[in-house]
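Just so it is clear, A, B and C label the chains in written order, and each chain counts residues from 1 on its own.
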Amino acid sequence: MFDYTFQWRQALQKLPLLLDGALVTLQIALLSMAMGIAFAVLLAVARNSRSRWASAPASVWVEVSRNTPALFQIYMAHFGLGSYGIYLSPYMALLAGITFNNAGYLAETFRGALRAIPGTQLRAARSLGMPSMQAFRLIIMPQMFRIAFLPMTNQMVWAILMTSLGVTVGMNTDLAGVTQDINVRSFRTFEIFAIAAVIYYLIAKAVTIGAQLLASRLFRY
Amino acid sequence: MFDTALTLSDLMFLLKGAGMTLAVTFFAVTGGTLLGLLFGVLRAQISVWAALPLIFVLDVFRSVPLLIQLVLANAFQAIAGLNMPPFATSCIVLALYTSAYCTEIVRGAIDAVPTVTRRAGRSLGLTWGQDMRFIVFPMALRVALPSWIGLTLGVMKDSALVLWLGLIELLRSGQILVTRLQEPMFILMVVGAIYFLMSFPIARLGGQLEKRWREDD
Amino acid sequence: MIEIKNVHKSFGTLEVLKGVNLTVDKGEVVAVIGGSGSGKSTLLTCINGLEQINSGSVLVDGVEVHAKTTDLNKLRRKIGIVFQQFNAFPHLTVLENVTLAPRKVLGMTNTEAEEIAVKQLTHVGLADKLSVYPGRLSGGQQQRMAIARALAMSPSYVLFDEVTSALDPQLVGEVLDTLKLLANDGMTMICVTHEMSFARDVSNRVAFFHKGVLAEIAPPDQFFTAPQHPETKEFLSNVR
């Protein structure tokens, strides 16, 4: 059945390259999460706002990001913007696409979390003389992040996995891109991708466990 | 209104791609749900320690990018001389991927059925099988359905990745048109609209079901 | 001085306050009693601007609360309010709960704010709970913390909205004792309450609300022994 000799030694020699790629993957994931969270807070507030000017565009962003494939969103950034003369590099397109996606999903998470916070919290803060913004920042947001922490961790893991989609738009510096590069040159597809899979798995696990540790230190109440 | 070179037959081409998307999704979700039911019931029954190997394997499916899984599966079947068509490979990989998430949904839904209710049934003389069929299943279904709908829609969106194995699904069809017609934004928006139409109504339905069933309680 | 002049307030089509007139002098303790839906709680939230009024005016030290030009945030530093649902900030310790507003709203330094907070928390009997999170406190302790939190702002007036109603019976006493302490200190208080003994023993005047109107107001001895209005008489006869 197997008319093939597995060449693990050859593939493992490429490990340093793969690890460099893994660092780029993490960089993209972290950047997209940081920006995604920032946008998501704004989107969540906008969606709850009574003004149509705020809630309508926010809803469009959230619904499009959640009802179309992430790959489509990346294609839009890379190919679609070309119609307007905006040419994003594979790196920028991947980052933009994943950020767009993160923001949409997290906005929905944050919206649910905000709904779970009793309205009386804001009343109590306002009654102490705090302006709205200050009350939101000091009282509402910390509680919102606490409630949303687990979904946020999941989104981070998804962001890491989503970076692999970059190969379809020519990305070659992240883990999947480097792997594909090596694959195209050496044709050791199975071995090299298997090693990449292990690295992805370890990164995903490290993030999940790290997040749990972080939670136990941050949320001691 | 729109000054475009997109013809009706081009639109048909896109819809054919959508058909491929739906076909892959159908097989993946069917297979994945059946496996998910099996594994989920298993997980709910046996202890965590005994289920550890299964937990590990399913966790791997959720922690490795789908694209990598597709490439690995395709490479493996080539090495093993199986000569499987990319459609089959894709469906199998997606089904296993779906089952990993479905297992958790099923297990969670079964656990959500109050033990006291199940004990009441068993005390009346129902067998384990009857307990499952008449007590657990109806109650667990309510809990699982909204999540399951979410999973199905997720798989439909993830199915875009099978383009990497050469399948002409919706997104790839769009890309082919873009290469030919050079109107990326417009064509991609049509593609996006088709995805949106396939997803949004069902997502809304799921949300309403969830709300209605929650109010019933 | 708090002056409430002919205040009307509606929620949609339902009129909750139908022309309320009330003046509360400095150092007075006014107990507000009445049935559910009589408008008592709404009155309090209209005083500190959490709720808008439809007509009439509310003046706190001569400042019209509901004027467009009024800085509500500044005004609320003078008006403390304690709610039925204690509304402790769960992600902050007891000390942090109380120092938050002095630091962020009044701009005090950490040391200044902590000094005041410790003083107030000791006053309400929570000196040993400073680094505890509210989730670990009993209802009565959380409510006392809420009182200390309001007092840390050195308000001129404190409004209490049924602050014992959500507590288990055995915890009511400790909160009422705190309120008595405050009254003895000379704090101007408006207390919406169901606790008749408190109204009788601690207040300068008792106000009875019925269907959005201030039906009767009098010093406690007169109020409880010789009520004038038929509704007041009926309410008191139904109450133990």
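By our rule, a residue touches a chain if its C-beta (ideal position, glycine included) is under 8 Å from a C-beta of that chain, and two chains touch if they have at least 3 such contacts.
The structure presented is a predicted model; accordingly, all values stated were derived computationally and were not measured.
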For this session: Have a look at which chains touch which and call the overall pattern line, ring, star, complete or other.
Result: line
For this session: Average the CA atoms of each chain to get its centre, and name the chain whose centre is farthest from that of subunit C.
Result: B
For this session: Mind having a look at which chain is the central one, using mean CA positions?
Result: A
For this session: Could you give the separation in Å between the centres of subunit A and subunit B, each centre being the mean of its C-alpha atoms?
Result: 20
Problem set entry | Rounded Å distance, subunit A centre to subunit C centre (Cα mean) | 47
Seminar exercise, completed: Per the C-alpha centroid definition, the whole-Å distance linking subunit B and subunit C comes out as 55
Exercise. Which residues of subunit C touch subunit A in their complex?
Worked result: 48, 50, 73-77, 79-81, 83, 85, 87, 89-91, 100-101, 104-105, 133-135, 146, 149-150, 153
Seminar exercise, completed: Per the touch rule above, subunit B residues touching subunit A in the complex are 60, 63-69, 71-72, 75-76, 79-81, 153, 157-161, 163-164, 171, 174-175, 178, 183-186, 188-189, 191-192, 195-196, 199-200, 203
Problem set entry | Residue ranges of subunit A in contact with subunit B within the complex | 1-4, 63-64, 66-72, 75-76, 79-84, 157, 161-165, 167-168, 176, 179, 189-190, 193-194, 196-197, 200-201, 204-205
Problem set entry | Complex contacts: residues of subunit A adjacent to subunit C | 118, 120-121, 123-131, 134, 138-139, 142-143, 146, 219-221
